[in-house]
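Below are two complexes that have subunit A in common, paired first with subunit B and then with subunit C.
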Partner chain A sequence: MKKKKKHKSLVMTNKMFWFAVPAFLMYFTFWIFPVFQLFRYSITNFNGINRNYDMVGFKNYITLYKEGTLFHAIPNTIIYAVVLVAVSNIIALALALLLNANIKGKGIYRTAAYLPTLFSAIVIGFIWSYVYMPGNGMIATIMDSLGMDGSKFNILAGFKSALYAIIAVDIWKCIGTTMIIYLAGLQTIDSSLIEAGKIDGCNGWQMIRLIKVPLISATITINVILSVINGLKAYDYVFIMTNGGPGKATNTLMYSVYKLAFTEQLMGKSAALSVVAFILIIAVTICMLIFMNKREVEM
Partner chain B sequence: MKRRKILSVLLVTVMTATMLFGCGKKNDTPADTTGNSSGGEGAANTGSTGEAADSSEKVTVTFMLSGTLATEGEDFETEQMPRLVEKKFPNVKVEVTKLPDDQYYTALKTKLATGEAPDFMWVQPRYAGVNAVFPLAEAGYLTDLSDLKAAELVGAGVKDFTYNDKIYAIPCGVTFLGTYYNKNIFDKYGLSVPKSWPEFENVCKVLKDNDVQPIVMGDKDMYVMQFGLYQLAANMIYPENPTYDDQLRDGSVKFTDEGTWDKVLERYGSLYEKGYIQSGSLGLGASQAIQKFIDGECAMTFDGTFNLQAINSSGAADFERGYFPLPGNEEGEQLYTAGAPGAGPAIYSESENIDICKQILEYWFDSESDLYKAYESCGKFVSTNEGAVVEPLYEDFMKLYSEGNSWYWCNQAWPAGTENEMEALFGEMIGGAGTTVPDITKGMQNKLEELLAE
Partner chain C sequence: MKNKKIKAGNLIIHIILILYSIITLAPLITVFSSSFRTIKNQASPLILFMEFSMESYKAAFTKMAFPVVFMNSFLTTAGSLVVIVIIGAAAAYPIGRLQTKLSKFLYYFFIAGLVIPAQMVIIPVAQMFNSLNIPYTRFTPMFMFITCSMPFTTFLYAGFMKGVPVEIEEAAYMDGANLFKRFTQIVFPLLKPATVAVVITQGIWIWNDYFFPMVFITKSRQFSLPVAMIQFLGDRENPAQWNVLFASCFLCALPLITLFLIFQKQFIGGIAAGAVKG
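Let's look at the complex of A and B:
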């Protein structure tokens, strides 16, 4: 019987794989292992302090379902993600199209649009708390100077408005990064295709809709997926600006995880909620990826 | 060829092992192992209390606590305390890490879980918060300090740090919740300090009728709701049932029982209903509310002795500050204050410097020592040590406290998280989300049962 000839690479010989072992071990120790630990903690009643904890099976998951913790946090998280994805991508794409045109001083405009990204969440949250501050805040003062009653402006205290006020801050912060990615995508478009469009009589809108947007579909996929993940993981501005309040109006999934673990010391239950969030984020991301890739091909 | 293969495998194994051991714990030596001459930590662990301090070998003691740095002058914990300890014990170096509350809780938990906790850690009485003394003592993380003289010096507060008859931390005097008020505004409208709830309501009404905002609260930071509620509970719940919180734990009373927390919440909620606390308080942060008070935009604010420095900061208006306990009592009834033993230092049970840490504590809480004098004058707490000088602003409080007319803060007896549920639901009620008082008490009871079940 003829022995099947093994394919041998001159560059990557079999023994070269041994050199990947340290990296794999690091990866296993610091990424895979902690994730498995999270699963393990989710079936315990660990309180984060006392190491004498018991295995409680799926009790944490059942309690999360029965108490409605999941159903409180998920709608807010979904609203957060949907508004963030839609608004930030539309504004960022519009900005990128504008800043890709031949206008004077576009370098300055690009820098200005990217600037908010350079600040940390804590700084931005703090600044915007003062922008939104009732009475003496920036918006209230502007309203007063325009003859409107600024004293009634109290967006973070409203049960219906607080979540959107926080999302607006997140959009303001992340728009720069999204815009830069769109800008990079727009610059990869072959100028001959634009010229061909012009010769065929395309107007500005047709140029965007029929040529530019389809050609940056891969960039749109990246930006939408990143925004979805960012939205589903929303935590920092909620923590800094409202602490989940007023009441529980801005409780997101990640903020609930934090609150369970570090305020209520229910580390096991918090781990269970993290597992649910982990699965949810992966499922949504995969679905979005499949959908967006399909759209890319169609475009 | 085969030899080269073996050599490569061996090399990879050695590299991996080196890497893993390199990442491992620096020192796995158990705390009770007697050290040798290789380091000061060992020297501190020889069992003799005097040896560490007398040794010429350097000992580094770590101290982690929560709080914010002093805005004016030297900060006690990060500057004065290390300097004075090092002056007294020349071979000891104190490394202090002071973190905001949430970061401290996270850091402490992580360090405890990895066995790398600091020698000194800042703990709260009973079950108050993540760094509460009872759960930490139960988990075996704290050293028994019952043999310290310091435990006798600090007064009755030590009982809130005593678990299974052992003392696990030394409290710093007492901290009160009260009502800071603008004396100039009170004088202008001929108002005096109220001694009962009807009198307090009258003060608010007079101010409101004269277009002065009576009270400002920064409820966006929901914890401030506790400042008013606990003062009312001290007058409306505990005098009738001193063991109320113990009974909550054994299930013989419930938050939902009529005439208890429903009355407290209704009474506090009425201040919002009548506009005595400013509308839209849920959009204002705690520091922003203090700013409004010191700018003279309102007459009162509920806050603790721990915030005196911020309250005394200069603002847009120049006025004299006063402080009184919020009277939740009816006319002719005894007034009670909400005074809790302050948090204090505890020693990590696996510390290699237990003996020297105990010596530092003895020095720290000795009324005659420079360290205690510096501690007392930092103004964050009211000293209960014999002969201590009491800040004039707190005299009424201290009188009530020394007469036994004082109750601890409710959350110190509840499992951590119960108060957060109360705040969130109370926020919904005052924000007009349709939540009612029975919804709040029901939510508190459910949360309590859930947390106790864990």
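Let's look at the complex of A and C:
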């Protein structure tokens, strides 16, 4: 009873923190602590199984640098993230603006755009392997029937095209969610502001550019941040559809981390690459948060 | 005059949306129609719905041992969701209610983990399982499903918690309800929209995730649905196997699609809730 006087509120006491203990313990043990472990493993020659490993200093980092793993994995990941963020957000926002208009059959279009989101990445990988397949695949067959030479179509084998082909799959999958979030944002706009715009003589495009988009800047921020995080984690379709190939053209950071650890059993090296990736991800996130916060205030 | 203009505008919107829907759905429809072919039928999959046979589905059903893997997927997903809702909502209670430094720290602590990719921490996590003597069973991936769901779950619950008036809790306090009772009988029931949103968003990714089960499960009887699909990996290059592969793709996605079509409103609302509340 004496203790209670110390708190500001009798109802909301610090005892509440006990509620967070199970989640905290679990989250710390299986998510945050392992990240710190990575820093330790990155200076060893640990192979992932044998616990008798030696400290090797910065050797892992130096090999990564010398072999050039960094120089294709980092640019690939950044291209992946940038293209994914730009294209998926522009298409999703455009779709949401169209669907927000008062038209019939809205629900059907929304369902169509959302459906790909429900499939597992592994299933999507299979379906798109068929779509991109040279010779018998969907795109090749359509090209044939249109009189173009479909037999030359082999997008996943091209050094320049493979990465973009994979990004396209990811865009196809994630537009649904992004669009739904934009749609929800658009529906929060006060209709009196739209009316005011109409009275002032805004045409459709001005309405979008000067009223609707600025008013959903918070939604844009969230969607952009979510897709950047998604893009930097790019792994699924590389693993299922190309295995990083042709050559190293589609090797992303996370796929390289996985491959070093599981296929080549070089856990030390994989951990070193993880540390590099971790620093990159943190740097990008912080820059983005600062930039986005500034923009939102300006708007 | 103006009416005509609006009608023409709507027509253009419809044309754009129809084109977009066709492009989006084309791969799904083609694959769906091929899955209803007999296994031997190798005509171009673009000839839609040329026959209707369940042969490929039967083959896929036995090849992936559907009843077993379905049950594995169902148990791990449902089990994870129950734990996620309980410990996630509980963790959000102090985060959403208190304005201390510790509660702010917890908020950012949970959110920060969102940027960490699973591929990065998977080996240290496996080491952790070994040192804690956690055996590898069909339920082992649940640890990771629950852990990875914490950022979004606590974030969402904390956001919704602000909409539950403090006065209700104060009244309950006056009536002699202790902290535990207040949370379980007053606050948690009022957070039902958040619970729906958490179950839907986390349920979708957990059901579809193949990475954690792939790493932690080696026995085929313990596979979840998406992992059972990985054994088809060799078949995707071989057109002779396509019909069975496509049938298995739809077997894998069918449970979620069915749920989506029944609870469409909740799905759309749940996905939007997370972003709008934040």
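Criterion: the second predicted complex is superposed on the first by the 282 of 299 C-alpha atoms of A that agree within 3 Å, B and C clash if a C-alpha of one lies under 4 Å from a C-alpha of the other, contacts with A are read in each partner's own complex, and residues count from 1 in each chain.
Following the convention adopted for this analysis, a contact is a pair of C-beta atoms (placed from the backbone, for glycine too) under 8 Å apart; a residue touches a chain by one contact, two chains touch by 3 or more.
Quantities reported herein were computed from a predicted structural model and do not represent experimental measurements.
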Subunit C versus subunit B, contacts on subunit A by residue: C
Partner chain in contact with A:19 - subunit B first, subunit C second, else both or neither: both
First (subunit B), second (subunit C), both or neither touched by A:129: both
First, second, both or neither for A:76, with subunit B first and subunit C second: neither
First, second, both or neither for A:263, with subunit B first and subunit C second: first
Which of subunit B and subunit C A:67 touches, first, second, both or neither: first
Contacts of A:48 with subunit B and subunit C, given as first, second, both or neither: both
Touched partner set for A:243, first subunit B, second subunit C, both or neither: first
Partner chain in contact with A:154 - subunit B first, subunit C second, else both or neither: first
Common interface positions of subunit A, toward subunit B and toward subunit C: 15, 19, 22, 26, 29, 48, 129, 133
Subunit C contact footprint on subunit A (complex, rising order): 10-17, 19-20, 22-24, 26-27, 29-35, 37-38, 41, 48, 95, 98-99, 101, 103, 105, 107-123, 126-131, 133, 136, 138, 141-142, 145, 172, 175, 177, 180-181, 183-185, 188, 204, 219, 222-223, 226, 229, 232-233, 235, 240, 254-255, 257-258, 261, 267, 270-271, 274, 277-278, 281-282, 285
Of all residues in subunit A, those that touch subunit B in their complex: 15, 18-19, 21-22, 25-26, 29, 45, 47-52, 63, 67, 129, 132-135, 154-159, 242-249, 259, 262-266, 268-269
Contact footprint of subunit A on subunit B as seen in their complex: 5, 8-9, 12, 15-16, 19-20, 23, 102, 105-106, 109, 112-113, 130, 135-136, 138-139, 141, 219-222, 280-285, 288, 292, 415-417, 420, 424-425, 427-428, 431-433, 435, 446, 450-451, 454
Subunit A-facing residues of subunit C, complex: 9-10, 13-14, 16-18, 20-21, 24-28, 30-31, 44-46, 87-88, 90-91, 93-95, 97-98, 100, 102-103, 106, 109-110, 113-117, 119-128, 132, 143-144, 146-148, 150, 154, 166, 169-170, 173, 179, 183, 204, 207-211, 225-226, 229-230, 232-233, 236-237, 239, 242, 245-246, 249, 252-253, 256-257, 260, 264, 267-268, 271-273, 275-276, 278
